[in-house]
Amino acid sequence: MSGLRSFVARRLLLGVAQTVAVVLLVFALTEALPGDAAVALAGDQPDPARIAAIREAMQLDRPAYERLADWAAGLLHGDFGTSLASGRPVSQYIADGFGPTLLLAALTVVLLVPLGFGLGVLAAQHAGRLIDRLVSSVTLAVYAVPEFALGVLLVSVLALQLGWLPPTAVGYGTDLLAHPAALVLPVLVLLSRPVCSLARLVRAGMVDALAAPYAVHARRYGITGARVRYAHALTNALAPAAQQLARTVDWLLCGVIVVEALFVIPGLGTVLLNAVAERDVPVVQGLAVVFGVLTVVLNLGADLVAHRFAPRAGVAA
Amino acid sequence: MNDELTQPDPVAEITNLRVEIDGRAIVDGVDLRVLPGKVTALVGASGSGKTTTGLALLGEYPPGARVTGDVRAPAGVGYVPQHPAAVLNPARRVSALLYDIARDRVRHLHRRERKAAARAHVLRALADAQLPDGEALLGRYPHQLSGGQQQRVVLAQALLLGARVIVADEPTTGQDALTKSRIVDELSAVAAQGIAVVLLSHDLDVVRALADDVLVMRAGQVVESGPPERLWVAPRHEWTRRLLDAQAPVAKDETVSDDAGTLLRVQDLTARHRDGSRGATVAVRVPELTLRAGECLAVVGRSGSGKTTLARCLAGLHRDHSGEIRLDGRALPRSLRQRDREQLAAVQYVFQDARSAFDEYRPVLAQVARTAVRLRGVDERTARAEALTTLTRLGLPEELAGRHPARLSGGELQRAALARALLAHPRVLICDEITSGLDTVTRRGILDVLAGLLRDRDDLSLVLITHDLDTARLAHRIAVLDAGELVEQGPAEQVLSEPRHPFTVSLTETTARLAAGT
Amino acid sequence: MHDERFPGLRRRGFLAATGAASLGALALTGCGSSDGPAASEGDGKPKRGGRLRAAFAGGGASETLDPHLANLFVDAARAKALFDKLADYGPDLAAEPRLATKWEANKTLDRWQVTLREATFHDGKPVTAADVLYSYRRIADPKQAFRAKASLEPIDLDASRATGERRIEFVLKRPTAEFPNVLAAFGAYIVPENASDFDKKPIGSGPFRFVSFTPGRSAVVRRYDDYWEGAPYLDELEFVIANEESARVNALLGGQVEYAHELNPTTARAHENQGQIEIVRLRNSAMQAFVMKTDRPPFDDKRVRQAFFLIADRKELVDGALSGAGEVGNDLFGKGYEYYADGLPQREQDLDQARTLLKQAGAENLKVTLDTSAVAAGFTEAASIFRDQAKKAGVTIEVKMGSKDSYWSDILDSGTLACYRSGAMPIEAHISQRLLTDSTTNATKWQYKDFDALYQQAQSTRDKTERAAVYERMQRRLYTEGGFLVWGFADWILGTARKVKGVERDAPANTLDWARFDKVWIA
Amino acid sequence: MLGGVVIGVPLVLALLGPLFAGEPDPRGMSFALGDGHWLGTDFVGRDVWQQVLHGGRPVVLTALAATALAYAVAVPLGLLSALTHRRWLEELLMRPLDVLLAVPSLLLILLVASVFEPGAVGLALLVAVVNIPDAARIVRAAAAEVAARPAVEALRMQGETWWRMAVGYVGRATLRTLAADAGVRLTGVLYLVATAAFLGVGVAPDAADWAVMVDRNRTGLAVQPWAVVVPALLIVALTTGSNLLFDAALDKRSTQKERRP
């Protein structure tokens, strides 16, 4: 047990280092972008005097490392800094964007897990037969369709032609829960690819496990097919599925820009894109911290699950 | 005929079984009667069809097999495979693996009583499988158990099932004498409960110690059968005789001239294993060990005693050690990366698992020849010719040598591995358990090759790493390792006949007991 | 046109602000008629009540209701609903009085008397001269970088003063004939004295009063019954943000909004006269051009510039890059605006003549790099179409994609040839901002003393007709050898629900009647 | 077999298309149907069929180049870190990738795309960068398993060169894993290319490229669906087909393996 605890501690420490590295990398890349917040704000009126004035007002004339150090010092006190573009606190940006993002992610995951596992199990159960082929090829084909193409298709058919669902969530803002119908299409689009990859992984894991000597042995001892499938084979598929799930949740939380844009959901992805376009470095940095921490925590969770279900693999930090 | 009347009815019976794959019979005309409380042994080299016959009792056949004949077996037949880890789901705790089976046995009870009853069943089965402290194991995962514990858990599963027949597939292969004797005890305890045991093995000592009835198989057919007492004394079939002969000690070259200098000297060696967070654990500690030129040294110990680690230190494969290894008085670098060509060539190593020690994508001959090219700077063509000569001498004709490893048997590959090492013209050849995975006849062949090498090449010294005292008899001197400590060393005869350390004593006694078939 | 791709990356800008400095002097007697929107025929009788939701591309969480910080279309539309300017642009970009009822200049044109109309802020207080001076001083604050600061530069705010409750005397640093353009400048909104926080509860004098605001999502305003021009018809108006064009269209089709700003020509074509929604095209809204840097090779030779004028097949550019939603240009800014020189012959493609000119200039086998970026719709398309056209005249154009976020700043001083566009502004402002030696955004590097002198002459010409003649001389020069290859004017496309009436069609983007909701009603 | 047919159509179009496309027609009205354009015109009035013929090669080449590039970095990294016994070297090689993995790919795309020159090369680089950490981990895991086999130690005992061990044996033995990974990765790469087009990064917005076509022509979906539907179907066929093909190849090899004595 203490081994596990020290593993977690080491991973968290590593995670902190990783997050710091991510922030540094993001800072460097953002600084390397052409133009800065002043140029971006000036837009099509690039009057040099005005740009200089804005730059001074934003304190962009200070050296980069000084700005980074100030920001980092603030972060240690839990202060994410303030936006260059609006002067509002970055934490407010993140908090505002997190709500819709979290809601979408939660809904997607809640549906994703039963669907992905269900399809995977179904295919594995009928491995090599018609249902398996059907599930396998449909998931493969859907997996290859870019989200925006699927989104456009679903909106045209379900919302505009048939009028069953609202085409966008425009104007609902954070109050998305009050308009559940508006969430159906975005969640459908978000689900499409993860369901496919999860189902394929579960299927592959289960097919492998069902052919493994221990599954043969269990059947040999009269353990029912269902029990072999769920207690033995499914547990085997859990470790890779957990890794995939962590990656999916990471993706869902770190900005699903295409879906946010198509359905007008002001989540973190939108905040990020705006911040990059505005060269709003503190906001980009704040998001990098949030994303970095999320990634670290999710991967750690997935590794712990993997450790539980594939204990032999060991946990090397 | 009279005997049969007093015997109970068989619990399982195979009549005239024939199993064909692609038109080739792998089992042909086998008859088998399995009696309750008795141990029936199927003996034969690998590929003789004994596993196919054994699995037929479970109603399992290789994919694509055509089966004729009659197999009658009760509903629950237990199976203990050679590698028990493979049948234990790595992702489930021991408790889950056992309760799965116990569940069926408590189905008739009231829902509330089931749990306690199942638990009682599980604990009893563990105790019957010689795991009295089984309760502590329930919370563990299979990989956290030792090999012996895994085997007993699998046995407990069979007992839980209420199996009236248990098929044990090569349960002692690659095990040291003490473990073997423990397994013998386990299986006889099982038989004592009135369960029929079908033992598939090529280990004649174990068969003799356990079996009530023996069937000798070759190429899918039963060539001879009878009680072991009779078979051992008066084998009728020539193949049985060969099997028994393979047990006889190998004639060894007794002459190591006294003036032979010290070739390899190990001093104050302490090897460690790094183990993740827990830091380093000491794997083996050897204050002093020497090897003279032309001598054969056997390092004996149970699995986990550190003998392989010691061998790997010598070969430069295990870097994490302190102390000194001197060749001709010159210190050898710890890692083989730092050893020059000459030093590499001087100390060669042959691996336990020959199959995984070959590149599966290139012909064996090409791989063997590379040693001469890389370590002796010989050109490709000469190396090839030399490799061919050596392989042929070790019993691997050109036709076989040109094949990919997958198309050679374990014994053939081990010969090739020896040839690969010999092409370096080594002065020390380390053989790590090179016979442990092989059947008796093949093993005998390899041991004969080693004995021949000792005779023919005076400049070659051998280090035999083994758990098997029979193999160790080949050596001039024996060093005994127990739990990482060098507990005894001396001339072979002395260690074998007058062991001083209690561990050596128990080892020799058990071996003797097994050989005596008691 | 408007970029359906990534919104955040291009929503910025386009609201070309009006000119900074204006010279010259002329008394313009104010009181242009404020007719209000010319209701399209068949709209029936205006009806009170109802709620309208309007979808715009937005600026995300950095959005603000501070009218002086307005930068985007949605900012301008919201500011227009909540606030007023002293003047605003009519459909021909001439300044029309709004909060000001009249303006009069002294003889030297450096002192202007402006009279305010009787109007009240949403809190019931009257709009006074003090409010105007406070607003202008706030904009001109040297510590800030408000967009309209440059436009107000001609005013000496320290010397200007209130001469009555509703009378202001503006003292100018120099004679400025086009002073009304300054009053109409983009972002020059009048806010109550001492107002500084606009996100909580902004108070203005506009037709709608504040209800709620969430940056990047929505802003809700209600009818202001005491609006000086008469209360709006709508009860409530909500601005919602949808950056994707397809999202705006879908929301409109799905009945989630009643007004969608900035649609694609294709969308327009798909839905025009289909009965589901109304398509409104605002003509002459955006000039589309290539800019040639006249101070460096190869464009320092006017024959090369003339050859390029002749290479362009404007029809093909409009059809290809604007999907046909626009008109061809004639290398001059401001088609349809006041002072536009529409007497000049329409230039057509003439590859032979172009080749001859290039040969004369010794620029055969010319190779040029054309800077472009996805910063505005149609840019990259225009670039590749023009590349193909130039190939036929033996000119090799290499198209170079630049970053959209810094594009305008990048092309200002570097490169030789670049894609360019501009929103509506008076022709005078276009010249003063872009074509004078000291212009701040002179992308063609058009720097001629005699041209500067012409501008000054125009600004000091009292008579409007005479002034128009000077402007025509300047435009003729630009037409012959200028650096702007203006190939088209894009329509600005709106979509509305069929029940929405009173949307003005003759209103280029940025003018008074564009995005004006107080004259709109729901049938 | 099915995979062959499914992948055949887009592949043939992609590779041979440009040969048959001929000279571009004069531009017409955008999103028009008929008038000699049997698939209509696209968003800038070009013939869709011609664009389809031209647009496969960049997609296929970019996807292949990006996949190849990702492996070109990932394979040496993975092999080196799997085979080295120097802990610090392994950390040095793999830790930066962990960092890269923790940067959301969206952020990475946005930033890297703006720093690099857009275009086919930039896009391939970008997509490769996003793929490297994951690919390197897979290579490393597969190679570490192989490197732990006695065969590698046997090669060391023979004094073999690092190159022969790493490439000749370990690399060879990991090929199977790589082949399985390549099918999935190709799908991911095509998806990324298409998404990059949606985000407007890395590609010229009017490039003749199936992925770009899908995105850029979707505004005309209601007027002229072929400009979207045809390239979209071709992309789906390309990815589905390649996966089916890889699956089939792997199945064949694994059954062969099982048949061995």
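Note that the chains take the letters A, B, C and D in the order they are written out, and that residue 1 is the start of every chain.
We adopt the following convention: a contact is a pair of C-beta atoms (placed from the backbone, for glycine too) under 8 Å apart; a residue touches a chain by one contact, two chains touch by 3 or more.
Given the structure is predicted, the values throughout are model-derived calculations rather than measurements.
The chain pair with more C-beta contacts between its two chains, of A-C and C-D, is A-C. Between the CA-based centres of chain B and chain C the separation comes to 88 Å, rounded to the whole angstrom. Computed centre separation for the pair chain A/chain C is 40 angstrom, with centres defined by C-alpha atoms.
Chain C and chain D have Cα centroids separated by 44 Å. With each centre defined as the average position of its C-alpha atoms, the distance from chain A to chain D rounds to 21 Å.
Chain contacts: chain B has no residue touching two or more partner chains. With touch defined as above, residues shared between interfaces to two or more other chains in chain D number as follows: 114, 198-199, 215, 218, 222. Residues of chain C found to touch two or more other chains are 6, 9, 246, 403-405. You'll find the chains touch as A-B, A-C, A-D, B-D, C-D. Partner chain D is touched in their complex by these residues of chain A: 14, 18-19, 21-22, 25-26, 29-30, 32-34, 137, 140-141, 143-149, 152, 156, 193, 250-251, 254-255, 257-258, 269, 272-273, 276, 284, 287-288, 291-292, 295-296. Contact residues of chain D toward chain A in the complex are 96, 98-107, 110-112, 114-115, 187, 190-191, 194-195, 198-199, 211, 214-215, 218, 221-222, 228, 232, 235-236, 238-240, 243-244. Those residues of chain B lying in contact with chain D across their complex are 315, 317, 319, 335-337, 341, 344-345, 348-349, 351-353, 356-361, 370-371, 374-375, 406-407, 417, 420-421, 424.
For chain D in complex with chain B, the residues that touch the partner chain are 85, 149-151, 153-160, 168-169, 172-173, 260-261. Listed in rising order, the residues of chain A touching chain B in the complex are 3, 6-7, 10, 212-218, 220-223, 227, 231-232, 235-236, 238-239, 308-312, 314, 316.
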